[in-house]
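Dumping the structure here so I can ask a few things about it.
Note that the chains take the letters A, B, C and D in the order they are written out, and that residue 1 is the start of every chain.
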Amino acid sequence: MKKLKEACGVFGAYNLDGKNISSVIYYGLLALQHRGQESCGIAVSNTKKDIKNILCYKDMGLVSQVFNKERILELNGDLGVGHVRYSTIGESIKENAQPLALKYIKGTLALAHNGNLINTEELKEKLQRNGAIFHTTIDSEIIAYYIAKERVKTKSIEDAVSKVMKIIKGAYSLILVSPKKLIGVRDPHGFKPLCIGKKDNTYILSSETCALDSIDATFIRDVEPGEIVTITSKGILSDKRNCITNNRRGRCIFEYIYFAKEDSYIDSVSVYNARIKSGEFLAEDFPVEADLVIGVPNSGNTAAKGYARIANIPFAEAFVKNSYIGRTFIKPDQNERNIAVKLKLNVLKEVVRDKRIVLIDDSIVRGTTSKEIITLLRDAGAKEVHIRISSPPFMWPCYFGIDVPKREELIAFNYNKKDICKILGADSLEYLRVDRLSELVNNLSICKGCFTGRYPIRIKK
Amino acid sequence: MKKLKEACGVFGAYNLDGKNISSVIYYGLLALQHRGQESCGIAVSNTKKDIKNILCYKDMGLVSQVFNKERILELNGDLGVGHVRYSTIGESIKENAQPLALKYIKGTLALAHNGNLINTEELKEKLQRNGAIFHTTIDSEIIAYYIAKERVKTKSIEDAVSKVMKIIKGAYSLILVSPKKLIGVRDPHGFKPLCIGKKDNTYILSSETCALDSIDATFIRDVEPGEIVTITSKGILSDKRNCITNNRRGRCIFEYIYFAKEDSYIDSVSVYNARIKSGEFLAEDFPVEADLVIGVPNSGNTAAKGYARIANIPFAEAFVKNSYIGRTFIKPDQNERNIAVKLKLNVLKEVVRDKRIVLIDDSIVRGTTSKEIITLLRDAGAKEVHIRISSPPFMWPCYFGIDVPKREELIAFNYNKKDICKILGADSLEYLRVDRLSELVNNLSICKGCFTGRYPIRIKK
Amino acid sequence: MKKLKEACGVFGAYNLDGKNISSVIYYGLLALQHRGQESCGIAVSNTKKDIKNILCYKDMGLVSQVFNKERILELNGDLGVGHVRYSTIGESIKENAQPLALKYIKGTLALAHNGNLINTEELKEKLQRNGAIFHTTIDSEIIAYYIAKERVKTKSIEDAVSKVMKIIKGAYSLILVSPKKLIGVRDPHGFKPLCIGKKDNTYILSSETCALDSIDATFIRDVEPGEIVTITSKGILSDKRNCITNNRRGRCIFEYIYFAKEDSYIDSVSVYNARIKSGEFLAEDFPVEADLVIGVPNSGNTAAKGYARIANIPFAEAFVKNSYIGRTFIKPDQNERNIAVKLKLNVLKEVVRDKRIVLIDDSIVRGTTSKEIITLLRDAGAKEVHIRISSPPFMWPCYFGIDVPKREELIAFNYNKKDICKILGADSLEYLRVDRLSELVNNLSICKGCFTGRYPIRIKK
Amino acid sequence: MKKLKEACGVFGAYNLDGKNISSVIYYGLLALQHRGQESCGIAVSNTKKDIKNILCYKDMGLVSQVFNKERILELNGDLGVGHVRYSTIGESIKENAQPLALKYIKGTLALAHNGNLINTEELKEKLQRNGAIFHTTIDSEIIAYYIAKERVKTKSIEDAVSKVMKIIKGAYSLILVSPKKLIGVRDPHGFKPLCIGKKDNTYILSSETCALDSIDATFIRDVEPGEIVTITSKGILSDKRNCITNNRRGRCIFEYIYFAKEDSYIDSVSVYNARIKSGEFLAEDFPVEADLVIGVPNSGNTAAKGYARIANIPFAEAFVKNSYIGRTFIKPDQNERNIAVKLKLNVLKEVVRDKRIVLIDDSIVRGTTSKEIITLLRDAGAKEVHIRISSPPFMWPCYFGIDVPKREELIAFNYNKKDICKILGADSLEYLRVDRLSELVNNLSICKGCFTGRYPIRIKK
């Protein structure tokens, strides 16, 4: 039951023996598909060829739809980068698909970006006042421009990138493919994840560690917030001149709560463990007498197990999902409105009948889905439904890459907890306490702006 | 982790007010998609039009791929039937997609079939000796021929069907669309499920009850083994002259163990409950000291919960699936063989590390997947892996619609339990006892031929 | 400017050395595409394999759209038949595409048919009264049924076909693929063409000789009306027991006037010459003082050259066609009605300005296109426009395969020549004289039913 | 028989009443499809909306394949531009499709370009040294950059364009869509055509007049070489500050000889007349005793008619083309090489048998096609074949937009006339005299560089 959308996933690879890496990137993107389902692309360079040229293919659609065997074979190169993307409706066009493959003063450059800049307008205007033209509406193009501009004046691509990091503000995990280098960059606050792996003689950069596992690669380490990592035929180089002190960093806590895949580790913290803990904290802070703990699939299930363990109430799965209801299915029309949720979820009556239930969900955004799910449970015979949300109330915009509805549509912005509970038809409602968030991630320095309105970077409005 | 394939799912609908039912059938088929993913189709009749004509569209692919809004609107009718199909490789062609829409002496007829006849060759030869021609290689065409032949001599379509039921032998749940009737038929042994539902003024026939839930219809009752059910503008008529005594019936036990969706009820027995029980029985009969019970996703999870409850060992989910690895993804080639399973499944190391594990799976067919999964667990740090299979050893062919590999490929046919345990790399291995099967389904009379070699109908070889 | 539609084209091939013939059939069908553009298909048999099986692929669309390299390679066989089809709107469905590939008492059979039977209903009813079921609404299925029924009683497929020829009435040029035989059949009246060719060790059967030329095959001879030709590994066998006397034959004169490709020969008469003659006869019978003779593209051009030669008036091409306006282009809507013809045809003002013009067209059906073309010419400055039609007035239905509009829509049925001339806005109008038709084709015995209402076979109405 | 490829066609429209013009552009592009068949696109702006945004859709394929009704409706705007494109193989990628739709300092800009610049590398390098990035390899992007740069400093887009015209060198007919203006630009030499038309309240800019006719628009005038034409709600404005003297202009003579559609007028000269004249000149300069004059379809036919008239020898059409052999058909492989030409062209034996023939073609490039056609004629019984080419020998590269093979592949570069005649197997061979070229086009100042090696602009090599 998708409520919030993530911007992107990035995956780069460089085989030092000159072997083709397009299929490695393909499998990596499949493993990152949960981070973006609207468009995807792969750009590769062939470092062994004299004439530098980047081959790039991208289109709207899932990885398995956009690429077939033939296309993967055509993308013949030993160094490359892939991207999966979600986008807000207005910009859901082919032109905005990534990676960007460009020609500039130093030859070719491919670039894939996860995150959101906050000084885009200002940066764009400055460029335009110099005669720049823009083919897309994505931040990546602005970043590419600044790299190109700095590259004219600098000795290396890393120097150019380092200078650009002082200019651009916001969240960015970047992967660059320069003729003979694979470069990973993470913004100084470290909003978005990025890690390094290796398989045989292929180096990998990936948004999440789950993609390393899926291709049987070994995790080496996370790219540090503010770090520029360069992989060449000589191995990994690190440039940390843009790093800031640990306590000013601000990893996105929602990656742990919701976006990232459960089997991933971000900055050495297990996403799975963070979710288990969120349930445990809810059980400690907001206990309730009940017969069963259930989670809203799929993301609520893990927190539910944590709650169940601490509360010593049995965990159960009460919902059966239809995994064939994909993006392309024909939505029910007005007359069939009542079946919209039922097509996706069915309740196991055996499980919930006459039971007092603790229902764990990861968040409430507009409240509509939660309400429908509670109705499903009541119709199936549940006696009581106590909702526990494994994150604090969602009340503020995110400027760093999460697509949040307008504030007026956020139920927590419009109503207090008591009213929301009534609207949803629940017997009780509690949210994870804000002061518990850091504990979820072993006290890493995090961004919790969407819950508190206070962000790691000052936002000009 | 699909190991065995089911033949088909059928879904019929008749709106007595003359309203369009093609979208109802579309949603019904989406809910039955787990029963067949190779081809699908919908045939509709418009009972309010003077000239009878059946519109039919079918193609290879998933329901959401084959049908779009435009096509559903073109299938304008108030009476119709849909079908989802899996097929063995040799016959995976468009011509064999269902429903069949035909013209015969009494006008038009559409037919959808789930199951497998055992006297096909004999029946076909008899027809051919009379000059029959066959467009397909599916049983449904033979059934249609016999209905057409009998229809010449009988007063009603039901009489014709009733006579045909004495001629054809094997498993069949049929839905027929005759100009103004929706007819459901279940073979006397009741191998395959078929039930009746209703939503407002629309009558439904469906392979499984989960499809009724998904469109918010009410379950009325199962079609009885041997019964012919006719739905006309006057309501439901029943013809039971082909019914046999209860104890000679033979529902397919594999529907409960594996094929059917967990939220379905077949002959009033909950599939979910049957799976829970299978785990409970395994725990009672084959206990083992362990720290965790886990299931092979998705079908092993429910039995695992049953085992956990009786054994009083915590249940956990140790696997994270990639739900974007669909039918169309590019399979890893020889050099990438080791990632074939990892792309689909990742293990949560937190969960399994240093643990003694009971691993529940629904069946072992060739043994290859089980072996790979045990390797995954060991690599993630599991100390012990005890496999418990929620069905008896799979050793005999199925003649009634399950696509079983050749006997020589069945690991249980080639090796004894001890050897299999060693091959798989497990610490212990146990199967559900054959005498426990009937208990799973409240002592309904079942077919357990694939485990015992004894079938409800004599098989000529 | 298509006004009348032909039913079909057929093309069969058999390579006696066991080489693949699917690409030969593909190229043959491309050359016959003018005979049908709605659907197409190819069925092949592999005579060298022990197990007989016919592979068949067919779909809606042009030959170059339906088939790609991969599909042609999959159709691996040394004996096969292809078909291109046009169909009336109601029946424009995939199921009716040809060839039909069937299984029957003697194994497999593929069948492709050009023409139209006139006793279909009667034949169908007889079969249905015996319990037959029909998957399609095409004559070919009826023919296949009768062949299957006769085959039970006869020693050879040719004997069966010969018997069926006594039962079916109407127009048919058939190609059959039986496990090891390629069989061509032409109805006794010879309505539709069929010829034999050879290239290296591949025998060909084709609707028209132009398809032989396009694959560089040599023309051997026409199949005689009433003849059954069998090609086996031993060469060509002929069975003429159903032939009738020459003067009772009735080749479709419209094949010469309009349907066939200009470079084809039918029954040894050049289509090109027939068209040249039609123009010459018009010039002899209906001369007019003028400056230019022009033809309506493309079919009117050749007759125009004949007219020009006899009348000693210069021939010119006044129209430029847009060859990119295919079947799939978006038709102009109501507001854009005036551009419907202009998108397809532009007039060369240089050529027609201030000229007295003889405009040759092959036929007038409804009259709408002719009217628009005359308007185009007048707008471009033509002083006079004299229409000469290279066929007699079209007034009667065709029962043998031409898709003629309802009689009430035929302008020649509703108005006399003088009124039509006025409606079209022409200065004079003349048609080819009916008594000139036989001369066009060297006095072959022809069917001119659409002009006279008298047909070679009695029509029951 | 395509031998040389044109770069592009452009078509712009602006409806002053705010009505949708996407379908007008669609039909315009259909009429210009002969100028480019690889990719196409449409970009539209809605001048009535407050927020300026350009909608753009483009893809590989023909106009009728890339656009369907739905897409045309989505492109909702009253001002727009379309483009059809051919491209050399290396650059045949989606990214290079046009129009380009961009954002820059003054908002949005769409741009479509026909022609080729000769100082691209120099211009590109200058931009890159300033930090520019390039998404494509097409000249249009460079032009857009310079416009954007100049636009920063100028008061109007026309001023910016005017300055850019002093910087860029080569052939360009441009259409620009600026928020509320439709702008047409033609390079000072006027290499490529561009004209203005009007239909009701819609102004049109088009590469050729044939597109005006096809949508029933009225021709207003040609854009003058060097002129900038601006269409706003107030009508047509003209800026001629970049115009040069008449005798320095250099229209591409090959537009008249080969590229343009016969029904077009370029700079008030009829393409049809130019072709007729080319044949007449050949007859005057190189007469030969013969029985027939025939043209290689389609472009040779008109010149053939001119030859026939002056030589007083009958004109005939000896070839029948297969119009279903499109871009997507499966090319014959090595073993089928001999049918490559025959699939496309068949000879009417009636016409050529025993005849002495004058064969007119528009050009000889590599010579292979000409040779095959002569062989076809000889095989069909032609006694003599005298080739007359309606252009001079093709010996030099074109720098302005025609895709000419490498010089070493040009037969006229490698052999003298006598040898070529022998290679082709002709009885005689003559080319149009270079001094006749200007006469073809009423002594307009032309570029004949591909025949003479002397170009209107100095080429740096």
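The working rule: a residue touches a chain if its C-beta (ideal position, glycine included) is under 8 Å from a C-beta of that chain, and two chains touch if they have at least 3 such contacts.
This structure is a prediction, so every number in the text was calculated from the model and none was measured.
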Which contact partners do chain A and chain B have in common? none
Compute the centre of every chain as the mean of its C-alpha atoms, then state which one is farthest from the centre of chain D. B
For chain A paired with chain D, centre-to-centre distance based on mean C-alpha positions, whole Å: 48
Taking the mean of the CA coordinates per chain, how far is chain C from chain D in Å? 37
Chain centre separation (chain A, chain C; CA means) in Å: 61
Can you tell me which residues of chain C touch two or more of the remaining chains? none
Go through the chains and record each pair that touches. A-B, A-D, B-C, C-D
Any idea which chain C residues touch chain B in the complex? 56, 95, 100-105, 109, 128-135, 137, 141, 144-145, 148-152
If we count contacts the way the header does, which residues on chain C are in touch with chain D in the complex? 23, 26-27, 30-31, 33-34, 62-65, 67-69, 72, 210, 213-216, 261-263, 270, 272-273, 301-302, 305, 309, 315-317, 320, 322-326, 328-330, 332-333, 336, 338-339, 342-343, 346-348, 350-351
